[in-house]
Amino acid sequence: MAKPVITPIKPLEVLRRSIDKNIMVEVRGNRLYSGVLEGYDVYMNLVIKNAGETINQKSSGVFQKLLVRGDNVIFVSPSLGDSQ
Amino acid sequence: MAKPVITPIKPLEVLRRSIDKNIMVEVRGNRLYSGVLEGYDVYMNLVIKNAGETINQKSSGVFQKLLVRGDNVIFVSPSLGDSQ
Amino acid sequence: MAKPVITPIKPLEVLRRSIDKNIMVEVRGNRLYSGVLEGYDVYMNLVIKNAGETINQKSSGVFQKLLVRGDNVIFVSPSLGDSQ
Amino acid sequence: MAKPVITPIKPLEVLRRSIDKNIMVEVRGNRLYSGVLEGYDVYMNLVIKNAGETINQKSSGVFQKLLVRGDNVIFVSPSLGDSQ
Amino acid sequence: MAKPVITPIKPLEVLRRSIDKNIMVEVRGNRLYSGVLEGYDVYMNLVIKNAGETINQKSSGVFQKLLVRGDNVIFVSPSLGDSQ
Amino acid sequence: MAKPVITPIKPLEVLRRSIDKNIMVEVRGNRLYSGVLEGYDVYMNLVIKNAGETINQKSSGVFQKLLVRGDNVIFVSPSLGDSQ
Amino acid sequence: MAKPVITPIKPLEVLRRSIDKNIMVEVRGNRLYSGVLEGYDVYMNLVIKNAGETINQKSSGVFQKLLVRGDNVIFVSPSLGDSQ
């Protein structure tokens, strides 16, 4: 039986597929943002809508819109429950 | 029913739309600046008018004009209440 | 007897061979992620499936999918037991 | 009534307009320099005349001339009282 | 008597000559890895086989294969006893 | 009366004019070096002769010649008393 | 009497002249290495022979050969007593 060919995913493709869906973003300095991804660019700058902020595991507010600079991003986790 | 096409927002577009409106900028070192965005460039260097400074959550002054170097920016949050 | 010629491995080749296999990724800030590598790019941005997170040696959750920014990667260790 | 067109300011334009005027420069490591801006380049390297230095909010000396490396700049604030 | 001409070694040449030999790699965060160098690239990304890890001078495990990101490398020391 | 035209100084010009004169260089990690500038390049790498070293405000030695890497430079201050 | 023309030294020239001579290299993290310079490149990556290591001013070993990554170099000091 032939081994199936595995096509690697391009990392930015994960962002493209997450547009209009919930994501969680870990940022340097123990900052976590979760909200709906509205946009991104190749530097991993991210635009997030209704972004809840958690600093050192304490909820610290909600931003209607947030432009997060890619430089400080540690990881982005898409919410797969969102039918991706 | 057709699924609507979602067009991602370019991150810098968020800055362009925020010109002459209130923004909040988080900068490394627990610094927060809020004021009116007057200008920006592709490096996310920002020009802010009437910029209130908050360091470690304590208000520490107001600058009539501030040129913030993009390198240190963590996020920019536009004030949507500003009718954006 | 002739000395065998040794061909060095290109570092990114290690990632290519690890696609669809288990890897462990050490990230700045004492963060460790282990899961199945789904994708990567030349910046060492990584896409990991079923990524278990360990912070300061304490298990702290599982992410169905994770896009780790290459900038913060310290090392990637492929699981050779995976028949590589 | 027509909405006025807003032309964003280029960040480096703020430096150009501040030549021969007082500025304040915040530098990483809680360093603050204030003096007369004599020159700059696109990297935000700055030449400051009669630069008073404040470290951790304590005055620590005056330099007749200072070349500050742009890499470490957090913000530059022009003195608008200077008739800019 | 003529002074002998000294030809400087290119730093990457040290890596090329260390292929299939033991090396020790110091990485930011008091991490030390020693094992057999299998590959490298111009960014000093390294592939190490049978890599013993020492953190803060305590042995903390062995990895069959390790891809170390060059960004975090402080130094590489080849084992000359290996007949280099 | 016509307002005099002000020509901004290029930051590297400050270095060029300081050749063979005393300078003081602040380097990350509370290091201060003072001596005679012998050379520089566009990265602000500096060659200093008879460089006195001060770490955390304690004198810690003199180097006959020092090549300081530009990356770590915070500022350079030329000695104007040197008839510049 | 004519003022003598001063020709600035290129920083990398200091490295070229130090080949096969003793140097001292200060590296981030309070690390000091002294030995004979065998090679270098434009990134200030250095190859050092018989490199004595001093961490926090305590001698901590000797390496027969060391490839130090330029990124972490703070300064290089050539031994002028070496007849340079």
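By written order: A, B, C, D, E, F and G. Residues from 1 in each chain.
Here is the rule we use: a residue touches a chain if its C-beta (ideal position, glycine included) is under 8 Å from a C-beta of that chain, and two chains touch if they have at least 3 such contacts.
Given the structure is predicted, the values throughout are model-derived calculations rather than measurements.
Participant: What chains, if any, are shared contacts of chain B and chain F?
Facilitator: D
Participant: Work out which chains are contact partners of both chain E and chain F.
Facilitator: G
Participant: Given the touch definition stated above, what is the smallest step count connecting chain B to chain C?
Facilitator: 2
Participant: Just the number, please: Cα centre separation of chain E and chain G in whole Å.
Facilitator: For chain E versus chain G, the centre distance works out to 19 Å.
Participant: Using mean CA coordinates as chain centres, what's the gap between chain A and chain G in Å?
Facilitator: The mean C-alpha positions of chain A and chain G differ by 44 Å.
Participant: Two or more other chains in contact with one residue: find those residues in chain D.
Facilitator: Each of 28, 71 in chain D touches at least two other chains.
Participant: By the touch definition, the chains form a closed loop. What is the full order round it when you set off from chain D toward chain F?
Facilitator: Cyclic order starting at chain D, direction chain F: D, F, G, E, C, A, B.
Participant: Within the complex, which stretch of chain C touches chain A?
Facilitator: 16, 19-20, 27-29, 31, 33, 38-41, 45-47, 63-69, 71-72
Participant: Can you list the chain E residues touching chain G in their complex?
Facilitator: The touching residues are 6, 8-15, 28, 44, 70-71, 73-78, 80, 84.
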